[in-house]
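A quick write-up on the structure given underneath.
The letters A, B, C, D and E name the chains in turn, as written, and every chain counts its residues from 1.
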Amino acid sequence: MLHITELTKTFNGKTAVNKVSFDVKQPKMIGVIGRSGAGKSTLLRMLNCLTTASTGTISFNGEDVTGLRGAARRQWQSRCAMIFQQFNLVPRMDVVSNVLHGTLNRRATWATMFNLYPQDDIHKAIEILDRLGIAEQAPKRAEALSGGQQQRVAIARALMQDPDIILADEPIASLDPMNAQIVMDALRRIHEEDGRMVIANLHTLDTARRYCDRVIGMRDGRVVFDGTPDQLTTGVARDIYGAGADFSEAATSTQIETLDRPKAEIAKTAALV
Amino acid sequence: QDAEITEFRIGILGGENAQDRLNNYTCLQDYASEALGVEVKLFAPADYNGVIQGLLGGTIDMAWLGASSYAATYLQDPEAVEPVLVKQNMDGSIGYHSIGFARVDSGITSLENMQGKVFGFGDPNSTSGYLIPSIEIPQATGASMESGDYFGEVKFTGGHEQTIVAVFNGDIDGGVTWADAQGNWEDGYNSGALRRAVDAGLVDMNELVEIWKSNVIPEGPVVLRKALPADVRETMTQLVDGLFERDQECAYGVAAGETLGFQPVTHDTYLSVIAAREAKIGG
Amino acid sequence: MSTAELDLLKSQADSLFARKRIMGFALPAIVLVYFTYIFFAFDIPSLAQRANMDNAVTIASDSWSYKVHVTRTNRTGEIAYAVEGERKGTYPDGTRPDWVTGEDITTVTLGPDTIVRFLPENRTEIDIAGFGPITAQATGRQVTTNLGETIPDWINASDRRVTITLPDGRVTLTGSKTEVFRYFPGWELFWFTLDSPYHGHGIWSLLTGPQLDPQRGNSSGAISDWWNNPMWRHKDIAWAISETILMAFLGTFGAAIIALPLAFLAAKRFAPLVIIRGITRRFFDFVRGVDALIWTVVLARAFGPGPLTGSLAILITDTGTFGKTFSEALENVDEKQIEGISSTGAKPLQRYRFGVIPQVVPVLLAQVFYFLESNTRSATIIGAITGGGIGLMLTQAIQTQKDWEEVAYYIILIIIMLMVMDSLSGWLRGRLIGRKD
Amino acid sequence: MSDATMTGTHTVETLQASYMAQVQRRRLYGGLTLLIFVLLMASGFNVADDRNAGGFWEGLSQIGDYPADVLSEAWDKRADLPALIAKFFPALVETVNIAAVSTLVGAVAGLILSLLSTRGLARFPRLIPLFRRIMDIMRAIPEIVIALVLIFVLGGGPVPAMIAIAIHTAGALGKMFSEVAENADLKPVEGLASTGATWAQRMWLGILPQVAPNYISYSLLRFEINIRASAILGFVGAGGLGYELRNAMAWGPGRFDEAAAIFILLFGTIVFFDQLSSRYRNRLTEGHTA
Amino acid sequence: MLHITELTKTFNGKTAVNKVSFDVKQPKMIGVIGRSGAGKSTLLRMLNCLTTASTGTISFNGEDVTGLRGAARRQWQSRCAMIFQQFNLVPRMDVVSNVLHGTLNRRATWATMFNLYPQDDIHKAIEILDRLGIAEQAPKRAEALSGGQQQRVAIARALMQDPDIILADEPIASLDPMNAQIVMDALRRIHEEDGRMVIANLHTLDTARRYCDRVIGMRDGRVVFDGTPDQLTTGVARDIYGAGADFSEAATSTQIETLDRPKAEIAKTAALV
């Protein structure tokens, strides 16, 4: 399905993503971890074509996505939804309208200008919201919602796109543990029920371990780990995060300590410190 | 050229309350729209220049101008308007005068006393309030009208009313305005800006004294835009010409005072005024 | 801390305060010097002499009172009665105010202790309590009186003209006519002129009393007579006010509509080309810098006098102002929302519509409504230049300097108009900003 | 989490229906608002066009006529321009002076009014509504009204214009100032009050340092506005550059070079102060947030 | 000296301080404790005449203070300095100026507006700052200082007033334990060295116990305890704070747990919970 070869991105001489290559054969749930500045966001943004790659290729089902422009690119973007850390909703518009933005690519420009969406779309949007447990919020303004609810609206927008891939750039970094869990559960459920590929940048090791089928570790723009969560040993984690004073997994891992993880795992994480 | 017109626009010169002016012309408006068969509109711009610009720009079709305003229009575009009629005074003349005046208690009785004092013109486009005195007074004094040359300062007050009030209040020492110079000084003469000020109770003529009088100035013409269709010009000329016979009350309002009506006039009547204005431009 | 260190700190504090004092005094000193310069540049010392307190009194008293003229034309002996001495205020034939009596000798009561008698053969007798009777005879251009050499300062007399100013009115005698007028408080004829059948009737008697005009019902007739009152011209004033508001409305919203797309061209993040941005910005600066005043003058030639010219002048200037503020608002938009919309594959117009517009609309509307109010004020002034609206009526009424009660009426209406526009725009601002897109 | 929705009072269908109803309503209101606005604009334009002497479309082609006349004459006499600019410079100084004095006086009056009418700061809390109304009225009266009336009493010259602009400025700035003062932190004021400070001391030491950057910024904006106002008032008889402009333009050809010189002065001044004040204001407000 | 009789304050029907009476014969250090809303702040504000009492009287050395107005009131305020929880300094002004504000009542209004403080006052201000250990901060802006330093500036301002009474409304509530100790030490030292009366609202029992000669306990606007710290038993404390779920002395007492209190006392406090 997704096939990435030597993908590189350079910002004014600074290489953010460095010859990244990997293959995804089936729709998996993939976690990308790495410390701040490792290039995770840049990688995802290139996948969504929000940023153009410097060199290298991304191809999906045999189609080269890297060089797309104009309508073809937008077409691709609509097939590959993106969820952001800061939700990136339109705060002054109501929840349903925000979800309906997922259909913008499919609808005529003039109709959307006046907020004229087909009734079917509107119904579908509410169903998606219901699936995510926030249907009651439908008529409210997005800004009136809590962070966790807003992120679920963002997921709803992504689902509304009916995408092949869902990209999530640190979807839970601005959420409290409770909401983080709800959001990650939702992503996992979507992956399992709909069979969509999900690629999520994650800040914390244990989230990746808990939710993902496959984990890609990045450091300084390069892929330094690619394997199953089980293979993600303490040593590997040290490698990814750079064993140093500025890495304190414990601090980040408390974020989801409310998760019902096996106690053993907690102990393992703690041992890392 | 003989295209149809869709409306006819009459411009009214300043000097009175805008609404009073419009009201005085409503009878003419009715007659004109009846005669022309199109809508007639009245406009009372804030100053002379508003009417002049309207005539030049083709946004005003007819107006009763002052002689100097006509000259200004002619000099900017000789093809813009043509004079057709002029107002006739009660004695049959078609002229009036520019009157210089001052306060009695200032001790000023003639232009000689005005040396070094503050002198006020009215509107720069006014014939009697600016053009004629600005030519004839230097002839009398032998000096220019620049501030500090003969007079201490030369100002524009903005209009006849303002000049009269400014002199009466002592803001300026002397000024010029228009009058027919018939009748009695204490009444403010028979017609003119002074008379109106007296009638309005603004000034007491006992307090004022005449210090200078110009040669006779031709009354300003009623002008029509040359670009108007010939039949329209014909109709309007006849209408205004016959206004006194038809409706004396209306003629009084339109002519701003007692009148014997209007009589035909041509461009030649204003040659001297145009020459005077042209001389000002040259100078 | 050692005393030496402490002393150092103390001296530092002393110099800090010395500096602060100098700063504290420098600014007022500069302002004071400037005001001194202004004091002489504006010639304030002679202001007191130039100021004409009589005029102030005239305004103050005239704006809430009216006068009724009684005029005898000496040539014919006819006596006319008119409010404000105006034709429109003339008493209908055969009627006159109730303080004028007598048939052969017309007696005018001028306040509690003054009586003026119009005697035959152009003689006039004025009886002032505590001063004695004044008699005057008009012959030809001459006015002869029994006044001696010493006359009080409320009388101004020459052999051609005599004016007697009294607390309640004034008597003016010349060879050609004798005029008496008397002041009364209030705005006479505000509701109905003398020729209207409804003059002198209160609202109660109009509503419940008998029908006064056989042709028309009382209320419709009264409203129509009031609306068409030739003295106060309520209809024309209403038109003038709506013209002024119209100028502000068209100018403000027209400018907003034009400025919005242009603002995109001037905002850094939407116009990548420096040249286009620069040109648009200079254009905004230019139209703003030329100022509404000059635009009015330029446009008056092309469009002639009237409200359209005023609207366009406001429109052009505000296009510059709005362009500048709108583009500033656009520069400050939140990138996240746009990115969120882009990531769904939205087309450029859709990105603007959903990523940008919802963010900037409240800011822009607040701006536009703020300007609507201030433009109503500008429209009043521009109207005075270009010939339209309440502004022209006001300036002309002030310049002719006689009907101060009309001036007062216009001023009150203008203030009400502006206060209403102020609260209206404030209210709309609140509503629209609170509204969801 | 989906259980929560199932047990909720709303089923998806009712939510859909009620949301659709809301959408319909919004479309209706939105459409109506738009329609009304378009109608108002269109009919307003027609009325204005109708009541104007010249029509919009005929006039459009002539828009350049007047500037062309002025510019061509000015160009012919371009050698005189520097001398003319020097000649009218004093008038410009007068116009700027009127604006400056009235801004200063208005800002001080506005400052006092704003402190007197801000809740929590007012010297006489019961008189707050009174001071607010006073500001409203001062703000509502157009400068031209006061200027013309004062010209009648005081005679011509810069003083009536100055007073007129100052009154309006005091009202306008007073309102903006009091909005700023309302958000001021009251803790310093209370601290000062506890030492027995007088009202003036509390305001001067406790409030002014907080609000000064904003106040200065608003005053600069106002100064720029007042330059324009002062030019316009000159046009209707209050002296300065506006008066000269009106005379030059009223005379017409022959003095268009003067008109052009005045245009240049006025335009230059407005642009100069506009740029100056916007640059300085940016610095003030940025320095404030930093 | 200070004589308070039946002092009552009602805000729109709600009685914040209810018939409080007490006498202070000598300049003591008095702690007022009570839970939030007990009326402590209101009491102090009435003493300083920042709030006018509804009924009752405050008299100081025989002079009735309650009814004072205008200049007389300001005169009284200058004799009874107040220290606030949030310091209430002028943040944008330098420290010395803030201290000099303590002299405002003595100086002419116009003189203070132009910073015309006598040199002696300026020197005295520096000395006071030195006494409180923050003389080096003198030229800095108040806002640039840490909380503890700001509170000491506030104390310096109070001392500058040369007051008979120093009122302190929870002077250490917004400070960390370290700074809290410094500030309380300073207040105590002032009391002992200058012999000034100090009345301090305190949040925490142990602070009151440690620093005060006399403790007044308030509850719902009434004085429910008035005695020496020794008399402040566990039972009394329960009474003052209302023995209930919302009182957790341990939580507040950690604030100054760095204080070198006898361990036994800590144990006692802990027992309260």
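In the analysis below, a residue touches a chain if its C-beta (ideal position, glycine included) is under 8 Å from a C-beta of that chain, and two chains touch if they have at least 3 such contacts.
Quantities reported herein were computed from a predicted structural model and do not represent experimental measurements.
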item: Other chains in touch with both chain B and chain C; value: D
item: Of all other chains, the one whose Cα centre sits farthest from chain C; value: A
item: Distance-to-centre winner among chains (Cα means, whole assembly as reference); value: D
item: Distance-maximising chain from chain E - centres being C-alpha averages; value: B
item: Turning angle required so that chain A lies on chain E, C-alpha fit (0 to 180°, nearest 5); value: 175
item: Interchain centroid distance [CA atoms averaged], chain A/chain C, Å; value: 64
item: Cα-centroid distance, chain A relative to chain E, in whole angstrom; value: 54
item: Interchain centroid distance [CA atoms averaged], chain C/chain E, Å; value: 58
item: Intercentroid distance (Cα basis), chain E paired with chain D, Å; value: 48
item: Shared interface positions of chain A, touching two or more other chains; value: none
item: Multi-partner residues of chain D (at least 2 other chains); value: 51-54, 59, 62, 65-66, 152, 155, 249
item: Contacts with 2+ other chains: residues of chain C; value: 50, 52, 55, 301-306, 384-385, 395, 399, 401
item: Listing of all chain pairs that touch each other, if any do; value: A-C, A-D, B-C, B-D, C-D, C-E, D-E
item: Chain E - residues contacting chain C, complex; value: 94, 96-97, 113-117, 119, 122-123, 125-127, 130, 135-136, 138-139
item: Complex contact set, residues of chain C against chain D; value: 31, 34-35, 38, 41-44, 47, 50-53, 55-56, 59, 243, 246-247, 249-250, 253-254, 285, 288-294, 297-299, 301-309, 311, 377, 380-381, 384-385, 388, 391, 394-395, 398-399, 401, 407, 411, 414-415, 418-419, 422
item: Residue ranges of chain E in contact with chain D within the complex; value: 48, 50, 73-78, 81-82, 84, 86-93, 97, 101-102, 104-105, 109, 112-113, 154, 157, 161
item: Touching residues on chain D, where the partner in the complex is chain A; value: 1-2, 4-5, 8, 10, 12, 15-16, 18-20, 22-23, 26-27, 30
item: Chain C residues within the chain A interface of the complex; value: 336-337, 339-347, 349-350, 353-355, 358-359, 362, 436-437
